[in-house]
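Look for subunit A in each of the two complexes below; its partner is subunit B in the first and subunit C in the second.
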Partner chain A sequence: MRSLYSDRRTWLHAVPAGIKLLVIATLGTAFFMVDRPAWLAAGAGAVALAFATLGRSVRPALRLVVSITVASALVAGFHVAAGQPEVGAVSVLRLMSASLLGVMLAVTTRFDELLDVFETLLRPFERLGFSTGRLALGLGLMLRFTEHFFVQWRRMDDAHRARTGRPGGMALLAPLTVRMLLTARRVADALAARLGG
Partner chain B sequence: MTTAAPSRSLSLVALFAALLAVFGLIPKIDLPFGVPITIQTLGVMLAGCLLAPRQAFQALSLFMVAVALGLPLLSGGRGGLGVFVAPSGGFLVGMLFSAVATSWVMRMLPGEGPRRLALRAFVAAVIGGIGVEYAFGIAGLVVLAKLSVWQATVASLAFVPGDLIKCVLCAMVVHTVARSVPDWRFGSRTAT
Partner chain C sequence: MSRAYSMADPDSAPRIGIDDVTLLRGSATVFRGLSLTLTERRIGLIGDNGAGKSSLFRLICGLDAPASGTVRVCGCDVRAERARLPGLVGLMFQTPDDQIVFPTVVEELAFSLSPSGISRRQARAQAREFLAGRGLADWADRAVESLSQGQRQHVCLLAMLIARPRVLLLDEPYASLDLPGQAALAADIEHAGQQILVSTHVLEHVRHFERVIWLDRGTVRADGEGAKVCAAYETDVRARAARQAPADTPPQQVCDAQPV
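Coming up: the complex of A and B.
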């Protein structure tokens, strides 16, 4: 799994994750509340400039940026076809700036930094019975087994190719799902033995 | 969590979230007549069919948290907070409710045995995986991309045939699961 995070350090890497999230949330909301095209264009320009200062660090996220651009272009196309180019411009500026902000966060912030912020935000809910420890355990299990199941899928695909000369495709979905369910039971037993219940 | 065995449920929830992520990593699959489809939304339908509503909600939430924190787990290597405000953001948020709705319908419908279960799964996937998912997706296009409801619906309709095929695939997987794991409790309060 290729991460969106870039090791190539930039000025934005040094900013604490909590502050970045706060700024993104504020700016993102602002982008959706402002309606004046001129203001939006200025905001989008500023975001694009900030994005450009990250230089080559954004490389891991380029595919993501391309897919967002294509989606926005489709939206713009729809609006132009409907004879309202101004609405199109406004929504594309909005979508692009808000998405680019999110991409900037993903590129410059390590997963564990964001997880820390997230756990801090959720801490007040612990009184309601929500356990941040279980969330961390759940995320850990999920990431560990994403790799595990992906390797399993590749092996099954290789075996299928060796037997038939064709990729496994959808024939592998059911066996992969069954393996997941059986593994989940085994992991559950292991967890129950260690954590109780 | 109110289940009798919370760590059992946690393992199932986390591993299902992992399966969703793997479905995003698997390259597009070619259908027999040559049309490629991505299968991540098939994972959402399966979560609904195989898990209890609460577990389906938790599995999808866990997956969304990982995506929001920047992991590139969505098909095409997408991730981060940005994807939630992209034009298709509604479809993303809709996955959460789509899985829960699928699970509810699955639980409501009668019938045991692999064939009946597959039929239940197909109906549940059509209602939850297409009906609910598209309602959220279209709402997202209206709010985020300022399309009219009519435009958003037309733009989305192109994907319905592919999703109908996924409903069939989902039913087929459920059929196999029902035969290979006969003691799986489909649609119960807490699947284990």
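Coming up: the complex of A and C.
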């Protein structure tokens, strides 16, 4: 599976995964509870600043950030056309902030750190007889597949540009879905072979 | 010639026993009544695409269930005793991206130790030691994304080796490697202590093996010493290519001749 993780270490690599997840959960909730554009703009500015401090480590994810920006611009344009610029600003600021936080997590966090957090959180379920190791792996893989989706999309978009000279856009959605399903099956096979499941 | 073996003593058993296996995929029959006893240290699998090489590997590591017959590795039924398999057999897939789940090398190797039940911290420490023992200590914290295709393939092999299975199945491991990568992998295979089965289209890498099996549409077309079986397969491929080549096509001109 492809990944956005960067081995160029930053200050955020040293922050425990549990704290990163807590910050994302807290800020994510706050961004969706606050609806004053000025406050949201301040929050988004702080997130963007934190993102910028990661420097060249975020390079693997820059195309993803550009895609999010384009999507945000489309959302904003739609709301402006509908005569609701303030709603558009709120939506875009929330979208950009939450996405940048997610990208920062993916770029600076090892997978087994996330598994440690999930296993700790799921520990109470062990008493009920659940295999929390497998459950944590499943949750972690859900995040890994999100990363893999974007990296795969970028590769298919490159292939589309090379052959047609223009970006793939929505035309990539069906082949990308098929590719992701095939990857899911192969990863499941690899896990079954390695874990004996 | 069939060789009897005792299930009670895995060490004396042939490493892999495939007994009268029929494998169906949809409406197609991949294998019908296939029987093989695989005991040699190095075994090559050759044949055209679709001959059944990958399917045979999937059977051996329990990923595919035969419609009838049994597959045993070191006396262990691969379908009935799946939990024991990670310690017995490791499969390296054709594409490293399908096999590598973790974003860094040390995590990927440590994950192979998880069936043994040790903690993740211990597994990471062992993975670092394992890499250091091979002069690759600086690989530990590298992002897999930053590695070349050959290096990723190497990570897949290391992730198998660290689990110390008794049998390694390598499915077309040379397919996407450059020549230095192929040479490095061939050296790794040469030095590994396990029984190794390699499926490949690059015959040079299995020609010296003590045993090579040529699969053809799910049946064993030839089985024996590597040099002889590879030569037979090459002769067959040349004959088929000659039959398919259009007889009356003139040789293509490389460039137009200019009048002097």
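Simple rule for what comes next: the second predicted complex is superposed on the first by the 132 of 197 C-alpha atoms of A that agree within 3 Å, B and C clash if a C-alpha of one lies under 4 Å from a C-alpha of the other, contacts with A are read in each partner's own complex, and residues count from 1 in each chain.
Convention: a contact is a pair of C-beta atoms (placed from the backbone, for glycine too) under 8 Å apart; a residue touches a chain by one contact, two chains touch by 3 or more.
Keep in mind that what you see is a predicted model, and the values were worked out from it rather than measured.
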item: Which superposed partner A:L141 touches (first subunit B, second subunit C, both, neither); value: both
item: Comparison of subunit B and subunit C by subunit A residues contacted; value: B
item: Touching partner for A:L115 - first (subunit B), second (subunit C), both, neither; value: both
item: Which superposed partner A:L191 touches (first subunit B, second subunit C, both, neither); value: both
item: First, second, both or neither for A:T183, with subunit B first and subunit C second; value: both
item: First (subunit B), second (subunit C), both or neither touched by A:V15; value: neither
item: Partner chain in contact with A:S3 - subunit B first, subunit C second, else both or neither; value: both
item: First (subunit B), second (subunit C), both or neither touched by A:A30; value: neither
item: Common ground on subunit A, meaning residues reached by subunit C in one complex and by subunit B in the other; value: 1-5, 111, 115, 141, 144, 183, 187, 191-192, 195-197
item: Contact set on subunit A toward subunit B in their complex; value: 1-5, 24, 28, 61, 63-64, 67-68, 71-72, 74-75, 78-79, 82, 87, 90-91, 94-95, 98-103, 105-106, 109, 111, 114-115, 118, 134-135, 137-139, 141-146, 148-150, 153, 167, 169-170, 173-178, 180-185, 187-188, 191-192, 195-197
item: Of all residues in subunit C, those that touch subunit A in their complex; value: 58, 61-63, 82-86, 89-91, 93, 95, 97-104, 107, 110-112, 114-115, 120, 124, 141-146, 159, 163
item: Touching residues (chain side subunit B, partner subunit A) in the complex; value: 4-8, 10-19, 21-22, 25-26, 29-31, 39, 42, 46, 50, 58, 62-63, 65-66, 69-73, 76-88, 141, 144-148, 151, 155, 169, 172-173, 176-177, 180-181, 184, 192
item: Subunit C-touching residues of subunit A, taken from the complex the two chains share; value: 1-7, 60, 110-112, 115-116, 133, 141, 144, 151, 183, 186-187, 189-197
